[in-house]
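Heads up, there are several structures right after this.
Note that chain A is present in both complexes that follow, paired respectively with chain B and with chain C.
On to the complex of A and B.
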């Protein structure tokens, strides 16, 4: 069940991005862990889609964490405290610390951004961008790309099945795989481009390239309070980051 | 008749656009130079707070400035094909996974748009593509500037004839891939400690076991993987555009003006329509 929205998508997205910036600025594992436990975890649990978001975070961050642990845990030539010597590979305390710090940071990024993205109402975000007077070409590209994604994925699946019905078998050799890729992508791209050229003439006929402000069919859910809050958030994070970096440089 | 039905010519404000493009380009170059020249020592000691902040803001901000400068000059035909390129980048990346390919193939849409609509549209497609992808996969976000560079270089390669003959495409692919790999390496190192897939990390691990610094190892890996990836992507895009109907290609002023496909303006190649697997 989707949760009841409290804030505008733009405010939520900005909050997520600023949280990422703060994690980078503070750059301490304690802070990353605190954001994860007190920020990301409650947000995921209260999102109403806790299972999907949790699964997505594990799928995106899991392999990266594991490979990072293997890479830095085993190969960290700068490390001096050797825990286990395996010949070419050495497990060092410094390598493990580096992998843990980076891993925590990556988990926070994934958690914050994925939670914001997966609970976001894309039409509402686009409506807000239109109401705030963002570049209409940018709004069109973002909205259109997000709308096209499931369409392209479905069409790619259909083309693959049709080619398989015609005898497409993917062998193990790289050349065979490449030919399979050509056999699937060519009809896919041609079909999509023909659709796009039709859309091109329709948009031109409706004055897409004419200048002037655009209106949105959806109501503006943004409030003056939230606009002020967004500016305040950016200012506070900016001042804090500058102060933190200056103090760290002096100390 | 209402005045909104007539298409007025858009006002041409050349100076701010050029300024935005110059600022964006300069920011990206400055960020890269800063990361490579000033910071390599820091990564060994810690995670490098300043370095990761600079790489995030420098590359993302530079990409945003470039997009801001490019968008006003694009025609509707370029704009309409850009979302398609973005969706293709993400969707074909997934097909590549399901067919069991070992390379990423996440730049097919960018290169396709660059070949048809020009370097500016290609650069904007690359940058916006990674920004949208960043919503689903946050690790794509800081690579926006690298993706923009790939689009820009692919468009320039197309303009100077790299797609007029199929054997020229892989040559352009190697060069573009090598440059892309060089730019992507510091982002991967300073943002994520060079974490990637198991395949790319195995290559980094091999260089690390020889005693290379992380940035050096990641740069060597980037040069290897990205060149290979871009060879495949450029050849694939060349085969796709050769198979396109003439009508589809001719709607793009860039492809028409610079004779991007040479004399080959739309007859399908046999390789492109033949099912594979013999």
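On to the complex of A and C.
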């Protein structure tokens, strides 16, 4: 079951972005861990799409974590507590600590942003931004960025179906699934690029670059209360971040 | 009023098109641009839509005048650029291939139709009223809350036309707008275009074949090899012998290669009628068929609701048997379940209950790809089917995926391409080809794998007369060679000429069967 929507998607997206900002500013593993355990985890579990979001987080954050571990765990110049000496590389306690901190932050980023993106009511988000008078190209960029995942998934599904109809056998074994993933990648990227160039001229033909304010077919679901809340969130995070950075610099 | 005066146009391959073409379209006029594949009709439509292709390396020399304002082009980098936003507010354009025209910013059909006017700042109340009116005219009201990416081909086509009609342009240019539409939808679209014309909108429709009927006063401009060969009234065009330019008339049966008669007669227990070149229907009404290659028993299928208030039509209690040597047409209105039925034949969809047996194989849980040597599938949207970077690689994919060695796969692909007349285009990129050529590449891809059952979704949509006739020959030859063909189609003349039998679907149920007389 999809989760019950409480807030306007713009409020949710802003909250996700501000959370990422806070994790960056505070820059402490304890805070990152707290956000992960008390923020991201419940949000994923209550999203109604826990399996898909969990898989997406693993697919995106997994390689990042691995590269961070290899890079900083083996080649950390400031590392002095050597755990294993491999000649050209040294595993140091400092390097591993740094890699863990980085990895934790990246996991929080991907977790927060993917959870927000994959549970977002995109049309409502775009309608809200349009009603608020945002620049249409910015709205399109946000819409494309947030809507990219379902679009890519749909296109990948089409390519896979076409390949299966022509003899591609996708078994249940992980190796077979990996081969199918590799087979779909090149045509998927080419297809998306061709789609994008054709769609650009079609958007133009439907007046997308017209001057003046755009209107929305969907009604405005945003409320004055939430608009005030968004301004307050930005102000609070802005003031807190500035204070934190000043204190950190002085200390 | 729009006037196009083309001295010449060339894509980056340098081949000149539209040399010496002058076309004026007046308010309220209905102009049919007819031409076979490669005749230049899409190029002409794009020029009217203000797309000169200068940013893609095309060279246009001539002028376009819109409402008294003339823009001249000399084919040099200093040529003026047409402002697409301003131009499209007066000239709306519906290109071929509905999928590529979706904004991908809309989650519902209603939003998709509203996309153009909302870009131009039409107030929300008026926007919703306009959308409601156009949706009612094109019978789209029940679909307004559906995801446009999950519509049937005909429903999607109507949505894209509605999105153009709702803009109330001065000139509306449509490239093959009736492709894949059922008879009722064709009439609905024609009525919507008539309503626009009454308000002074000029309508330009590109078609591969001459329509049998059009609004009174309709004018035909026929193109062949990039040059105009006829300009006059439709009834004169129908008598002008345009078939020599590959321009047939809609509703005409396809012509079948006389050479196939021999193959067919060898398999037929009853001699066929005396063969008349160019007109003879390809089917054999009285022949006896071999054992069934396709058996559907009480097949029922439901799409997952996916949160939509009105999910897609599935199938209910479908029984069907298709024998070796038989061609069966699946007919019915848009969204009646034709594509769904076809996709059960190659395992892309699996029945919730009932059974599907193809080529003696009962489809259970085996992978779809394992059935590709038995059933070949032609998708309705060709561009969803092509994914390789050369035509030869594309067509070789099936043989290689089903176990052929590389050399053998390439040989089979080359043979299939020769059979569809594309042998010279092996190294081209599929996306560089015309719509009809891409369709043939998709067909060759199916043929190269050598399946005994062909499942074809709207195979004649958008084809010109020569290609349609070639397709009829290929299908008839496949059936004569012991294969079976199941095709979903709205092309009544093609089905009546080529298929031995038609089944009629409505809301996912078979409502009737008609046997060729």
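As a convention for this text, the second predicted complex is superposed on the first by the 173 of 251 C-alpha atoms of A that agree within 3 Å, B and C clash if a C-alpha of one lies under 4 Å from a C-alpha of the other, contacts with A are read in each partner's own complex, and residues count from 1 in each chain.
By definition in this document, a residue touches a chain if its C-beta (ideal position, glycine included) is under 8 Å from a C-beta of that chain, and two chains touch if they have at least 3 such contacts.
These numbers were taken from a predicted model, which means no experiment stands behind them.
Engineer: Once the shared chain is lined up, is A:194 touching chain B (first), chain C (second), both, or neither of them?
Structural biologist: both
Engineer: Decide which partner touches more residues of chain A, taking chain B and chain C as the two options.
Structural biologist: B
Engineer: Once the shared chain is lined up, is A:123 touching chain B (first), chain C (second), both, or neither of them?
Structural biologist: second
Engineer: Have a look at where A:217 lands relative to chain B and chain C in the superposition and call it first, second, both or neither.
Structural biologist: Only chain C; A:217 stays clear of chain B.
Engineer: Of the two partner chains, chain B (first) and chain C (second), which one does A:63 touch, if any: first, second, both, or neither?
Structural biologist: It touches chain B, and chain C stays clear.
Engineer: Who does A:21 touch here: chain B (first), chain C (second), both, or neither?
Structural biologist: A:21: touches chain B, not chain C.
Engineer: Is A:140 touching the first partner chain B, the second partner chain C, both, or neither of them?
Structural biologist: A:140 contacts both chain B and chain C.
Engineer: With the two complexes superposed on chain A, say which partner A:209 touches: chain B (first), chain C (second), both, or neither.
Structural biologist: Both chain B and chain C are touched by A:209.
Engineer: State whether A:171 touches chain B only (first), chain C only (second), both chains, or neither.
Structural biologist: A:171: touches chain B and chain C.
Engineer: Which partner does A:156 reach: the first (chain B), the second (chain C), both, or neither?
Structural biologist: A:156: touches chain B, not chain C.
Engineer: Residue overlap on chain A between the chain B contact set and the chain C contact set?
Structural biologist: In chain A, positions 140, 144, 147, 151, 163, 166-171, 186, 188, 190, 194, 199, 203-204, 207-212 sit in both the chain B and chain C interfaces.
Engineer: Okay, in this complex, where on chain C does chain A touch?
Structural biologist: 49, 51, 84-85, 88-89, 92-93, 95, 100-108, 110-111, 114-124, 127-128, 131, 149, 163, 167, 307, 346, 348, 367-370, 372-373, 376-377, 379, 384-389, 397-402, 431, 445-446, 449
Engineer: Can you name the residues of chain A that touch chain C in the complex?
Structural biologist: Going by the criterion above, the answer is residues 2, 122-123, 126, 130, 136, 140, 143-144, 147, 151, 154, 158-159, 161-171, 186-188, 190-191, 194-195, 198-199, 201-219.
Engineer: Of all residues in chain A, which touch chain B in the complex?
Structural biologist: For this pair, the touching residues of chain A are 20-21, 24-27, 60, 63-65, 67-68, 70-72, 74-78, 88-89, 98-99, 101-102, 105-106, 109-110, 113-114, 116-117, 120, 135, 137-138, 140-142, 144-149, 151-153, 156, 160, 163, 166-171, 176-186, 188-190, 192-194, 196-197, 199-200, 203-204, 207-212, 241, 245, 248.
Engineer: Please give the residue numbers of chain B that touch chain A in the complex, ascending.
Structural biologist: Listed in rising order, the residues are 4-8, 10-11, 44, 46-50, 52-53, 56, 67-68, 71-72, 74-77, 79-84, 86-88, 90-92, 94-96, 99-101, 105, 108, 112, 124, 128-129, 132, 134-139, 141, 192-198, 201, 204-205, 208-209, 211-213, 232, 235-236, 239-240, 243-245, 247-248, 251, 271-277.
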